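First up is the structure itself, then whatever we jot down about it.
The first chain written gets the first letter, and so on, giving A, B, C, D, E and F; residue counts start at 1 in each chain.
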C-alpha cells in the first residue's frame, strides 16, 4: 500500500454527515435490519477487515467510517489506507470492531460509498499515470451523480486529478450555444466580463484556431479545445504560447490520453471518470469465528 | 424506437421531486448559471431535442423532465421515448421548448439523471436479453448509489429486470455470517420466522447441497446459491424440484449469464447493473439558429 | 415488572433521532421553556422517576430517553422497564437525573412518546393474551399516525404482535377494488406476479370460499378473510388445509378476538391497536425536595 | 350534516403540506403502490365518496385533500363536510375523482389524517356539548401526538374547543415544581414577570385556596385548579370573583365534565381529547363499476 | 467587562444547531476551505482570542461556539464574556484553541453570528440605558431577519429588552386594517375574544383617545399607541390609569426614546434594533507565532 | 423610478423558495395569523401597493412576491420596480391583490425580505455612485447574514456592485495567517497552485510593496491591499502596472471611497454593505375602504 505524498484533505463532516445519514435511512427503511436483529444477539461483538478485492485508489473512507459510527458510536473504525492511498488486491483498507449487529447493518452502506468513490479515484489515477512526464493535469466535469458531486469531485482529487468548476455558479464556461447567442467569441467574453467580477475565471470553448486567436486577444483565462485531434491541439498550444490555460476535452480515454497529453495542453477533462467508473470491489471480512 | 409492451409505472413525483430539487441546488450553487445569465437575454426562447448518442434502454425520463420544469414551469417537455423504451443511436428521446436560459441551465442535471439511469436500464436489458428462452429473471442487489436507490431500482424495472429487496427492512436475507452466528441453517430460519410475520419473505444463502436440503425442509421462500458453477446450480435445481425459488449470484456478467440461466434457476442477481453501469450517452441538441 | 423473554430489538437511532428532534422543536417553539428558564436556576439539579400510573406494556423508551439527552447530553437516563416489559401501576419505568431545567423542559415530549407508544403496545398485548393457546398471531395495519409508522409498528412488536407490511411498497395486498379492475382473483394475482419478483409476498382479500379456492389454486402467499364470522373462518381454515397463510380482519376487538383465534386462522389484524389506543398514563415524579 | 355557524379557519398550506408530503413518503416507501401499479391500468379513472361510518365532527379535511392532490394535481377533491361540520353515520364528507391509481394510492394517508383528526374534533365536541348552558370553555393540553400538534390543536378548534398554549414558549405555566423551586407562589410569579413581557400570559397551578389568594393578589392572568372536586372549585370561583380566569383540570371525562362546568370555572382542560381519542371511522367508497 | 446580574438563559441547542449547520454549509460550499487546506498542515494547532473591536453587548456566543465545535469536536471554546455581558473595546470575548485548519475555517461563520447578534443586543442596550429611571421597558417587533427570529429575539433579551410576540400565532395584535374590517374597536376585540382562549394576550392599536377608551372598556390587555407625540402619550397614560399595559411605537430612536419613556408608558417598541443594527465589530486574533 | 439599463437576472426560484417557506413557517408558527383569521372574513378581498417610504435601490422583489403566492396561489403580485430599480420616496414598488387574509398574513415576511435586501442594494448603490468616473468596482465580502448569503450577494448585484467569492470553496484568498504558516508569499501561492486547478482564482493579501512584488512575480490573479492609505494604494497601482487585479479593503465608507477609487485600484470591497445596511423602509398600503 502506498499512501499519498501529501495527505488529501478530508471533506468536512458537516457536509458529508447528512449524505451518509440519508444513505443509512434509505437502507434501514422503516424497520431496520430485520434479519440481523432476529438472528444475532445484541451482546455479540465482532471484528473485521475491509479489504480491496482488486487494486485501486482509495476515496470515501470518511463516509465509510461514518456509516458505522452513526449507527453506533462505540464502533472503532481504524483506517489503514487513507484517501488517496494506492492499494493492491487483498490489502486491508480499514479495521472495524464493535457490536456485531451494527457491523452487519452498516456494512453495505459503508461499502457502497467506499466502492463507488474509490472507483472514481481509481479511474482518475489511471489517467493521471498515463499523463506522467507531461505537464497535463487530469480534471473532471459536471457529469457527476446527482447528490454526490462534492464527494465525487473529492474522489477525483484522491486520484491525483484536479477539479473543474463545482457548479454553474463558481466559474464561467462559455460554450457554443452561448457564442451563437452572443454573435461572436468577443461579444460573449465581453458580456461575461461586464457582469462578473475579479474572482471568477472565464473559460471559453473554441472550435477553430481563428476563435482561439479571438479568445486570446480578449484574455480569456482558459480555453477549451473540444474534440480536436492531437495535431490540432499541438498547433493551438504553439499559437497560444502560454497566454492562456488550455484544456482539451472530448474522446478522452485510457487509449487516447497519452497522445493528448503529449501535445502540451495544460488540462485534460474526462466525464467518464465520474459518470461511468467501475466500482472498486471491496468487502468486509469478519474474523473467523467472530460470530459463532 | 420500441416502446415497452406494458408501460413501466412511473415513480411517484412526491418521491423524486425532492431528489431532483437537491440535484438542481447542487448544480446552481449560490448564484445560479452565471454564464448563461450574463450572455443569453431573458426573453430568448429555444427548442431542442434530447437524443441518444448510442443505443440503449431509457429510464429516468421523469426526473429529466422535472429538472427543466422545476426551473421554469412554462417549459414544455414532450416525451418521445418513455421509460422502458429501446432507442437506437441518434433517436430523439424528448423534445424540450421554453426560455433559452432555463433550457441551458437545466440541461446538465436533466442529462445526468437520464444518462445514469438509462445506463442502469441498458445494462439490465442486456442481461435480460441473454436470458431469453429460459425462465430466469434478472434481479438487482443493494449495491446502489447512495441516495438514488429507488430510482436505480426503478431503472432496473425499465430494463426488464425485477427488484430484489429495497433495503434491510423489507425482506429477510440470511447470509453466511448469520448462519455462523445461529449455528445452523435451521436455527437461523427458525429465529427469523419467530420474529417476523406473514408478509416478509425469507431468503437464505447456502453454499452446499446439504445446506440447500436443510433450507428446503424449513420451507425457506427463496434460496440464494452464491458463486456456484453451472453444473452445481443444475443439481440444485433438480434437488429443489420447485419447492422454493432459486436465485443464483456471483460472477454474473454478459459472458456468463446465458449459461447460468440455462441451469433452470428462477432469478439471477447482478450488482454490476447498478454499481458499475456505463452511462448512456445522451445530449441536448438545440435547433439550428435557435439562439442566434 | 416482567421483562420480555427475548429483548425487543431497538429501532436504530438514525431513524428515530430526527423524529424526536422535530418533536422537541415543536414544543420548544421559538423561545424554549420560558417558564422554567425564568424560575429555575441554571445550576439546579434534579432526579426523578418515570412511573406508570396504570398497568401496561412499555414501548418508546428509546425516544423518551432521547427527548432528554438531545436537550442535554449530561442527563443520565436509566431504563428499568425496557421496551416490551410488562409494568404494574406504580412501577418505575426509568430514572432520570441531571440539570433541573432540562428535565422539566424535556418531560412532556418524553412522556408523549412513551405514553402513546406504550398505549399501542398495551393494546396489542391485550389482544395477544386473548389469543393464547391458539396459533393465531396478532398483526397490525397501515392505519397508523402520520409520521410515526415505524415507531408504532415497533410498538406492536413490543406488545408481542407481528408487523404487517410497512407501506404500499413492501408487499402486495390485492383488495376488492383491484379484483374488480382485474376482472377476477386469478387475473389480479397473475398481473401482480408478472410485475413483481421473488422477495415480495402476495396477499389477496377474498369474500367467498369460491374466491378462496381460486386464490389457493394460484398459490397466493396469504389470504385475507375480511369480515367473516367465526364459522365461515373455520370452513376457510379447513378448506385451505395449510396451503396458504390465513389472515382474519374486520370486527376485531377484545370481545371478539378469542373466538376468531379459535377458528385456526394464522393472523388476526387490528387497526384499532394503532389508530385508537388508549395512551398509557405515565408521569415524571421528581424526588421530594429535589427543587427546593 | 350541520356546518359550523362560523367556518373554522384553515391551517395554512405552507404548514401542513410538509407533514402530508412526509406521510405520503412514509407510505409510498421506495417503490410506491406496487399492487395498484401492477393491476390497475394508468388510464383508468374512478370516482368515490369519502363517507363517515359513524357520526362525528370533521377535522383534517385539508390534509386529506392534499394527500390526493400532492399525488396527482388533476384529482378533483370536493368538500361536502368542511372542518367543524357535524356528520351523521353514512353521510358523505367529500367526493373525489381522478386517475384510479392515484385514488387508491392516496386513500389510506388521506383517511388516516381525516380519521385521526376528526377523532380529536369529535371527542372535543362531546365535551363541549356537555358544557352547554354554562360559561365553561373546553381547552386542550400539550399531550399531543409528536409532529401533529398544530393539526391536533386545530382539530380541537374544529370541535368547538379553545386552544391552550402551543408549546413551552408562548405562555407561562407555573407548576408545582416551579413553585417548590421558587419557594412560594409569589416568588414564582415575580420571577416570571421580571423575565417576560407584556404579550405573555401567566398561569399558575395552585392546590389550595391560600395559594389561590396569593396568586390573585399578584394578578396572575389565569389560575389552574388541578384535581379539585366540584365543591372546592365552586369555592374558588366565589373567592376569585372574576379577578382572574380559572381553569379546572384533572379527572375530566364525559362523566365528570358537566358537574365541573356547573361550578362556574372559565375553562376545563382535557388531555384525553388529543392523547386518546377514538379515531372517527371513515372510508372511501368507489362508485359501483368504477374500476371494472 | 460586566456580566449580567442574572445570566441570560441560553437558546436550546436543539433549536440553534440546525441554523449553525446551515450557515457552515453555506460557507463551506461543495469543497470546504480550499485555501486553508492547501496551505496549512493538518497537524498544525492554533490558539486565539475573539476580541471586541468596539464596546458593546454580547449575544450569539452559543452559536459562535457551535460554529467551531460542529467543525471539529476537539476545539476548546472558552467563553469569557457570556451573553448579556458588556464589553469594552479590546476585551476578550472568548478563547478558542484547536486544529488550526478548523479555527480558520470556522472563523467567519462564528464572527458573523457573534457580530450580528451582538449588534442587536448593543442597539437594544443603548435604548434600555436611555430609559433608566422610568418604568418603560424596551421591546422588539417582527421586523427581524428571515430565518433568525428566535436568535434575534434572544439577542434583544441579552440587551436587556423584552420580547414582543414571536410570530403571528402567539398573541393577538389588532391593527388599523383589522379595525376597519371589523367596523369598530369593540367589534374587533369581541371577535378576537370569541375565537381565542385564555392563554392569548390581546393588544390593539389605537389612534385616538376615544379609541383608547373603547379598548379599555373592553379590557384589552395591551394598547398600542402608534406615532403619538409625548404629550399625547402622557394623556393616554393618565386616562388609562393602570387599566391596561401601554406600548408606544413609531419614531423611536436614541434621540427620542428618553422623552417617550418619561411619559409613563410601559413598553416602547423598536423595529430598528433588529432590522438595522450596526454589526458589532469582532475579530479572531491568533496568537503571535501560532501558525509559523 | 429608474429601471436598470440591463435587467438584473433573478435568483432561481428553486434556491429562494425554501428560504421563503422557512420564513413563512417562522412567522406563522403553529397556528397561523390568529388575529386576521378571527377578524377578517375568509371571503374578503383586498388590494394594496407596496411603497418605498424613502428613496433606495430595489432587491428581493422575487422573495417578496413568493411570500404572498406561497400563502395563496391566487394572489396577483405585479412588480412595478424590478430588482435593480432606483425608487424615490413614495413610489410604488409592487401592487398586490387577492384574499385579504393572505395579504395581511404575508405582509411582514414580504416586507422583511424586501426591506433588508433593498437595504443592501441601496448601500451598495451609494458606494457605486461615489466611484463614478473611476474604473473601481464595488465588491462585497463573506460578512453576510447566516442563511441569506445568496440573496445578499444578489442584492449587491442589484446595487450595481460585483460579487466576491461566495464561500470558502470557490476561490482562494490567502490571508496573513496563511502567509505566516507558509513562511512567505511565494510559498503560500505555490502551495495553493499545487493543489488547485485552472478554474480557481488566487487572491493574496499583502501588507507591503515588497510582498506585492513577490505576489506579482508569482502571477497571483488578484492582490488584496488591506488598510492602505490612498497614497500607498497609488504606488501599488503604479508598481503593478496591470499585471494583476488590485482590490482595496479596510476603512471603506461613504466618506472614504471616492479617494480610494481615485487611486486606480480595480475593486473596493466593503463588509458594511451586507453586515450593517440600513433596512429600506417599505410598507404595504391597502386601498382606502378595501377592508370596510
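Brief remarks follow.
As a convention for this text, a contact is a pair of C-beta atoms (placed from the backbone, for glycine too) under 8 Å apart; a residue touches a chain by one contact, two chains touch by 3 or more.
Please read all numbers here as calculations on a predicted model, not as lab measurements.
Looking at the partners of chain B and chain E together, the chains they share are A, C, D, F. Over half of the residue numbers found at the chain B and chain C interface occur in both copies, marking it as a same-residue contact.
Ranking A-F and B-D by contacting C-beta pairs places A-F first.
Between chain D and chain E, the centres computed from C-alpha atoms are 33 Å apart. Rounded to whole angstrom units, the spacing between the C-alpha centres of chain E and chain F is 22. Chain geometry summary: the mean Cα position of chain A and that of chain C are 44 Å apart. Separating the centre of chain A from that of chain D, both taken as means of CA atoms, is a distance of 51 Å. Multi-chain contact residues of chain D (touching two or more other chains) are listed as 26, 28-32, 37-38, 105, 149-150, 163, 166-167, 169-170, 196, 200. Because contacts link each chain to all the remaining chains, their graph is best described as complete. By the touch criterion given at the top, residues 19-20, 22-23, 26-41, 44, 100, 104-105, 108-109, 111-113, 115-116, 119, 142-150, 166-170, 172-175, 177-178, 180-183, 188, 191-192, 194-196, 200, 272, 275-279, 286, 291-292 of chain E touch chain F in their complex.
Chain D makes touch with chain E in their complex at residues 137, 139, 162-166, 169-171, 196-201, 203, 221-222, 245, 247, 266-267. By the touch criterion stated above, chain F contacts chain C in their complex at residues 26, 29-30.
For chain A in complex with chain E, the touching residues are 7, 9, 11-15, 149-150, 153-154, 163, 166-167, 170. On the side of chain E, the complex with chain A involves touching residues 21, 24-25, 28-32, 37-38, 42, 70-71, 101, 105.
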